[in-house]
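Shared between the two complexes below is chain A, which pairs with chain B and chain C, respectively.
And now, the complex of A and B:
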């Protein structure tokens, strides 16, 4: 009897179903329901309303947040991919010292987001310990208010995120480079292809699947990032570095508006859903 | 030759980009209060001191924060593995309808930001009296880690030939014995990868403990350092730097000791996609 029941596939999945159901799926459904209510953090919600969504979509705050999110995600992903690719190609040269590059990338990657924010806020300081301003001064530039004007602040939170995220992208691409069969290059060399031609006609096409997966994964991770921004600027000055996730947080825990914050969260959910479908489709094509 | 030299220069530049923020923080942490105000700044402190570390250890709750983080990591690793291993076994060894669809559904939870579930969980934990409760918090950590851990471990199980199972089955082993005696012993590398991944992620968690805990003595290091930043800002960057380095140390030690495993964990997740 005992053995029989263990022959059913679903028995083994019960713990997973319970934990995900209670701590993930149920809250998820709840947040959707809350987004259609006028609940605050302390009151019990009542009725069904679209007012949160109408408020969000017709206000200017939300579109500002969307704009910041888009710039932050797009710039982060672009630089994580390109710097990741360059470092992957460099590591693949396998000279003495390539393991230092690997080690330094992984080190940056394991730094928790909050500590990333703290460390970079020291780097960006305009006091004597703000080493970036010191470098700028040596090079003959003026001081830069890294965290104090809207556009510099957005630049600064993006740079800190690129610093932390590039290790992941670089290591994945390095693994993909390692997987390209050596014979392809040997054959091309016999045919007289230059290094540059080999790069465009072998390396890039062979890397393409990994680049696609990587792009989608980093997009999702970046989209969900808030801790390094939280430690650097708290979303400010003004709303200039408030990405969607911080926007949701502020609505709920600063303005105590549970309904609106939930609506932000649902919008995030829809967007990550779209990325996920993209990912699943892509994986499906690949198999 | 020129090519080699330029590659070395690029190696140095790239390593500097990734290491400079950490090295600079270490440098500040080793300086005296007066030296951090010196301009131009010194890279190697004139007067190396460990007083900042002692001050932070004696005057902040950093040790408690570290211990709390460590506890949460252990809970999360154990809990996640307990749930993910049987699920991974099922996905690897049973054949059933819509298996890959189900796996994708589970994996898609991975894409959801913790803030989304953090909002309602905060609400019903405060109703249930589960705020400031490690069990409640760890359960959410575990839920977040399960999807990817299941996926990673399933990949590891798939690589073990089914013939091994068949042989043991003929000998009359039950499914549980199979998993315990045949599969788990050979699946140590993927289990190690999963453990590293879970640990790194659990160590970094910030928003959930920030929302679900409100007693200082319970904060993990990520929340603790933010409080420390608030207390120290502007007047004592050398203390903040020392606190950051203390908070980072476990992760950095792990990188140095387990570099090979971390590389494998990263690439295993990626390549099998």
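And now, the complex of A and C:
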């Protein structure tokens, strides 16, 4: 009876294992090896060296880049999650028009990052036709150099990223809210629990798994975001909006330095790895 | 209650306006002539309504070709990953085999690592395979995702075993159970994964940009990025191209949205 090949467990896993092994694990080992070499795009030098890491960590840029990355990631994640959750709770009231809100949020999320960058560069422009500055002027405020001073530029790229990512969190939380059994609320209402008590004692605990996964997914996703920043500021002015992933991109594609780019990649890997461990730990609790 | 409802409306209205405003601006910009885009004071509604950007875009980039490439790339990845993800998820959810938990954790850990990290050696590998500038090279390395496997596994685990047991008694093979029972019951989850893959790859910029170097193989986001030069930005054509690139995504989402929310809601992520 068990002579059919599909009865073997490994048949189900092998396609995945091949894709993973060839296009993921093998390059992953390579990137670690490259990060300890002097390779550039044109010269593949083997030999073992720590110079890339030493160069990166001792450079004045690096800690600036780390700081920018952490601010960008934590601000993005915090606001995406909070605004997403609030919107999801309100959409769950099933009022007229919630589906329009849902559609608009999902649309912002699915816009290619490069287009997000362009849309917002139109909005942020300091020229006379920049719409946000036009509004500010009408309201009697001074012109804001959205993309031209370091702190405003970081604010602007983060705002654009919050705009882009909030929809994802909103939809995930909305879906999770949909999954909470109605009986829980009915029972609580019979026991005389207030709306606020229901929120803290039913909604939040029920949402917790999704909140965790959502947080980790968007954290990793934000760590990897560079396309919208690239389109908005190209990492400038100076290095004020250069996040790690953009730094790695610049090392390889602008300075053609494979070794340093790989070292950046390994640093990203370690950071994402830390979050992945969180994720796996959480998964462990779930089972 | 009346008051809270109006407060909710106001908040949702603000969210909708803030989210939609950039799109509306982009949409109207695509119908403006260049002088109008850069005019003061800025005006939402075009002073002269023009389709020039939409016409010019066809002469400036091979728009149709880019569009077809994007469809082949994102549909190809979506199709293959839905199959690979669901097969692996099936094994992890319903078949017992040695080292299952460890393998599952390895899959998750490996796939959660950012794609960008492995981009450089992956590029070299595709170069050695002669896969650069091919659909094969674009599609195959993308054909799996941790999120997909995780979500589907959660869904598959919840499908009652009674159905499977009955099918086994009737002599159904593992594959028949997968194809005739598990897959049809998992439509919402499969639709969710499919939308995720489709959207993610439709919009991806870095991967197609690095793996393709001829215009005839590029995808829409990469092609549109060309309108953003070092110094000059062709706002008219960029926004027109962006509007056209967004339409399929919105259509796919509208078509599948009821599955989308259901798919996430039913996976047991609710705790």
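We take it that the second predicted complex is superposed on the first by the 265 of 287 C-alpha atoms of A that agree within 3 Å, B and C clash if a C-alpha of one lies under 4 Å from a C-alpha of the other, contacts with A are read in each partner's own complex, and residues count from 1 in each chain.
By our rule, contacts are C-beta pairs under 8 Å (C-beta built on N, C-alpha and C of every residue); 3 or more make two chains touch, one makes a residue touch a chain.
What you are looking at is a predicted structure, and each value in this text was computed from that prediction instead of being measured.
Participant: With the two complexes overlaid on their shared chain, look at chain A and say whether chain B and chain C clash or fit.
Facilitator: clash
Participant: So, does A:208 touch the first partner chain B, the second partner chain C, both, or neither?
Facilitator: second
Participant: Scan A:31 for contacts with chain B and chain C and give back first, second, both or neither.
Facilitator: both
Participant: Does chain B (first) or chain C (second) touch A:180, or do both, or does neither?
Facilitator: A:180 contacts chain C only, not chain B.
Participant: Quick check on the output: what are the common chain A residues between the chain B footprint and the chain C footprint?
Facilitator: In chain A, residues 6-7, 9-10, 12-13, 15-16, 19-20, 22-24, 27-28, 30-31, 34, 86-87, 90, 93, 95, 97-98, 100-108, 110-115, 118-123, 127-129, 131, 134, 163, 166-167, 171-172, 174-176, 179, 210, 213, 220, 223-224, 226-227, 231, 245, 248-249, 252, 258, 261-262, 265, 268-269, 272-273, 275-276, 279-280, 283 are touched by chain B and also by chain C.
Participant: Along chain C, where are the residues that touch chain A in the complex?
Facilitator: Against chain A, chain C makes touches at 5, 8-9, 11-13, 15-16, 18-20, 22-23, 25-26, 29, 37-42, 83-85, 87-88, 90-91, 95-97, 103, 105, 107-122, 124-125, 140-141, 143-144, 147, 149, 173-175, 199, 202-206, 220-221, 224-225, 228, 233, 235, 238-239, 242, 245-246, 249-250, 253-254, 257, 260-266, 269-271.
Participant: Quick check on the complex: what are the chain A residues that touch chain C?
Facilitator: 4, 6-7, 9-10, 12-13, 15-16, 19-20, 22-28, 30-31, 34, 83, 86-87, 90-91, 93, 95, 97-98, 100-115, 117-123, 127-131, 134, 163, 166-167, 171-172, 174-176, 178-180, 205-210, 213, 217, 220, 223-224, 226-227, 231, 245, 248-249, 252, 258, 261-262, 265-266, 268-269, 272-273, 275-276, 279-280, 283
Participant: State the interface residues of chain A toward chain B in the complex, per the touch definition above.
Facilitator: Touch list, chain A to chain B: 2-3, 6-7, 9-13, 15-16, 19-20, 22-24, 27-28, 30-31, 34, 41, 86-87, 90, 93, 95, 97-98, 100-108, 110-115, 118-123, 125, 127-129, 131, 134, 163, 166-168, 171-172, 174-176, 179, 210, 213-214, 220, 223-224, 226-227, 230-231, 245, 248-249, 252-253, 258, 261-262, 265, 268-269, 272-273, 275-276, 279-280, 283, 286.
Participant: With touch defined as at the start, can you tell me which chain B residues reach chain A in the complex?
Facilitator: Residue positions touching the partner: 4, 7-8, 10-12, 14-15, 17-22, 24-25, 28, 36-41, 82-84, 86-87, 89-90, 94-96, 104, 106, 108-109, 111-117, 119-124, 139-140, 142-144, 146-147, 150, 174-176, 200, 203-204, 206-207, 211, 221-223, 225-226, 229, 234, 237, 240-241, 244, 247-248, 251-252, 254-256, 259, 262-263, 266-267, 270-271, 273.
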